[in-house]
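Both complexes below contain chain A, partnered by chain B and then by chain C.
So, the complex of A and B:
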């Protein structure tokens, strides 16, 4: 292994072709992963940031907030279920907002809330013409103090602070009082004029120790089937396109990792062919196949790791110039997953040379 | 105790239905401080005898005892350890590791699993290189050295593990006469000063004068 490390240090250009290929593949993997995470985060923030463990929809809404309606009578039944400690109404209106002195519309997810989401202060208080905007809207020119003309009626609402990771279906989170939301919703979609105290969904906090699935079943039973209650993660997965998006991007990522393995396999197979003379000498003077193969694998792993780091830096630079409309998010967990995947595939790729290394005849060193 | 004892060693290969005899009942004993020159034409079995003596090949028949170890029935793993600990090789093409310095080329033998500590190995490598007149080359790569210097590094590598037997394959074939003689003198000096035995394969009859004894091999058959 030491021999492999010394060669890497002294002859780095020998690994330039494999390294360059892996750098490009790392950028591609990080871009795909970033896109997947960006799309996921931008679509699901509203649900993930809810304070309750459960989300309640009306049963005819097919787990869609926009189609769902929860009136006060149903809500009272939900609140009476053992294990429920509190409920908060949720409602969204997907509308455009116009910044002062600008003609372009910013996509907003105007959201009603009764229980503060995770990034809000617990004593949050808003006037009817005020909103907390998601930080993602900064990229579109929104700032604290701006008054946006929201929805079809161009309702003026002033941004008084920030929330984070609350976007919904790629529209920036824009949290307002429930009555303000109802007004915006009714103006934008006259068929969605909701009476006071009616929301599209509920976030449900549970008593300490209560089992989420059991309480969810109890809620649906208590409402006589008028509700469909999901855990927060189920609600996220039920959003349109999320599962398909995840599986599609994951498939592309896995295929790219496989290609990375092939690149490493091909490179080290050629390198091993080139080194057969050297390996036979090393075996002749006492190196075992295990030691030689260990050196090959450690070289593959280090080339993969260095390539990943360079690829990561390039990807970071790329995110600085990407337009805000491309939802790329650099998540540490995704980077670790890709780094591990790349290292594992590189090690497996290098393992293709094992047979050839084992078959190197030490006697050939002597002619 | 003899450094090398071959008893009726036979090595055969098959080629199709034919059996090719590379070494035919070779019996040979090399004393523990003896330098033996093995001469013979191409294809006579010199390399096969050298390979069997160094545990690079196993005999088809007969016994091979090196430094008191009967290696005839050793497994591949045992032979690897044997080559690492008990014999030294100087190859015809020198075959140094191109990206290691002279010192590292010697220490590599230790890195493969010798019981000697890194510090001791480094000290021994530097001492050997000094004795070989290469103290100014310890940190040079093979590409930065002359052919003669590389040959001397290869001799140092062969002596690094303090072997009972050094096996040297055509040490002067790539060198001019003068340099070849210098290398042979150095080999003799280094081997003799350590009471080590050596088998030197050569086709150059002029080099046999450096050996204590010369054995000829023809068609796999040894003749004194």
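So, the complex of A and C:
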């Protein structure tokens, strides 16, 4: 095993071939993973940040916030269900907003809220012409104090603070008072106009100890089937494209990891072939197959780890030059998953040489 | 002959390389198929409607779903010089019950006879009454076939499918085309509080002698608060399309690079390992062309097997993955990818080919085991 480490230290360039391929594959894997996370985060932030454990839609909306409407009568029935501690109306209007002195528009998810989301102070209070913007909008030039002209009616709304991880369907979270949201909705989409006190959905907080699934079923029963109540994670998965996106990108990531394993297997098969003579000498002086094979595997693991680090740096540099429209997010959990995948596949790839190492005959060292 | 014999004797090595190339080809092809189908399912409806210019509200940022054209703007657009004909085109997402299942569907409301009509009708006819619709052929088996009836869940309006389009989906969802009156009825039924049902965009056709780009420029110049785009601009610049395109291009470039690097380095290591043998071959009279040809044969064989594996895997995956998104692989994509992989493999192996070409037969005299001085 030590011999393997010494060789790596003294002849690092010998491993540059496998390393360079793994660096490229690491960049590819990190980009794919970053894109998957970026798409997920940018689409689901609003739902994930809700303070309640449940989300209530009208049953005919097919769990789409934009098409849902919950009127005060339905809400009263929801609030009367045992286990419900509080409800908050939510609504969104996906519109453009114009920055001061700029012609470019930014995509906003103008969001009405009654219960503060996770990144807001609990005593948050906004005037009708004020908003809290998601930090993702900073990349598009939005700053605290800016007055954006929002929607078709170019309603002036001033950013007074930040929230984080609240984007919805790739549009930047922009939290306003319910009446301001209704005004923007009516001006920008007259066909989606909603009367006072009617919201698109509800976030439902539960009494401590209440079971979320049981309360969800009780809500739908109490409203006579007028609602579709989902847990927060179910609501996230119900968003259009989330499941398909996840399965497609994951499949591509797994195939790429498999390719990484094949590349490592190929490289170490060649390397082992080159060292057959050396291995027979080592065996002749007492080295076991286990020791030799351990050295090969440790080399593969170190090459994979170093390649991953270089790939990570390259990916980070890439994110600096990528346009803000490409939703790439570097999440630590994803990086760890890819690093572990790469190391495991490399170790498995190196294991392909095991048979050849075991079959080396020490006697062949003397001809 | 030498090339084939070597491969037969080292099946594992060449098998691993062909397998790696095959999987990389699969990744490249599958992602291209996915990209093509995704883009077509995103914007096919815009590409295959009869308006050659589409006018969006400026704040919609080229997003049909976020655009609304107010009545004063409609009048101003229609009055722009160079407009041949104009008509409102509305789009919205509705919950539709088809074959007993609720699905999200995009519904376009167009003015019959005006710009904005679907152009890729493959079966049946266009709708003439508010309760008739044209659906996407791709969704025919899901309850959107000719003669089927579907119901708008939020409002209870029933639509009869009287025609089928191809390549005309929108937002990766089943897409229906109804008359503007039909669309208005659907909207009002789903939201009784709607104050008005307005077109999302205005579809235009230019007057004779005026090009689409000239007309778009005139509208942008003369009407405030709107953004006119030619049909191809509306397709290529639709939100998400350019970022999806850029992301996938980057992934494809990386995958192609990996192919070149893996093949190039594999044959380089192999050549370095065989250097002394190749020198002996040269010394006993084998011309350089013989060795180069043997190497090229191996490269083509490995890449050829990799391509076959990759194409077969892709065809299988395309067949299996067509449930959510109708993915298809165009023959031209396969040919272009195959040519690209072969060329990149040759580029990757260039250094190895040059090394083989530069082998000096006289070096055999330096071999210690041949009595040389090393």
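Points worth noting:
Here is the rule we use: the second predicted complex is superposed on the first by the 367 of 367 C-alpha atoms of A that agree within 3 Å, B and C clash if a C-alpha of one lies under 4 Å from a C-alpha of the other, contacts with A are read in each partner's own complex, and residues count from 1 in each chain.
Note that a residue touches a chain if its C-beta (ideal position, glycine included) is under 8 Å from a C-beta of that chain, and two chains touch if they have at least 3 such contacts.
Everything quoted here is computed from the prediction, not taken from an experiment.
Superposition of the two complexes onto chain A shows chain B and chain C fitting side by side, with no clash.
In the superposition on chain A, A:286 makes contact with chain B only, not with chain C. By the touch criterion stated above, A:102 is placed in contact with neither chain B nor chain C. Looking at the shared chain after the overlay, A:10 reaches chain B, while chain C stays out of its contact range. Rounded to the nearest 10, the angle at the Cα centre of chain A between chain B and chain C in the chain-A superposition is 90°.
Shortest separation of chain B and chain C in the overlay equals 10 Å (C-alpha atoms, whole Å).
When the two complexes are superposed on chain A, none of the residues of chain A touches both chain B and chain C.
The touching residues of chain A, when paired with chain C in their complex, are 17-18, 20-21, 24-25, 27-28, 31-32, 35, 58, 60-62, 64, 66-67, 69, 94-98, 105, 107, 151-152, 154, 170, 186, 188-195, 198, 240-241, 244, 248, 252, 255-256, 258-259, 262-263, 265-267, 269-270, 273-274, 323, 325-328, 352. Interface residues of chain B, counted against chain A in their complex, comprise 47, 50-51, 54, 56-57, 77, 80-81, 83-85, 89, 91-92, 95, 97-100, 104, 108-109, 111-113, 141, 157, 161, 169.
The touching residues of chain C, when paired with chain A in their complex, are 12-13, 16-17, 19-20, 23-24, 26-27, 30-31, 34, 57-61, 63, 65-66, 68, 70, 92-95, 102-104, 153-154, 172-173, 187, 190-191, 193-198, 225, 239-240, 242-243, 246-247, 250-251, 254-255, 257-258, 261-262, 265-266, 268-270, 273, 321, 324-325. Every residue of chain A that touches chain B in the complex is listed here, in rising order: 2-3, 6-7, 10-11, 277-278, 281-288, 291, 362-363, 365-367.
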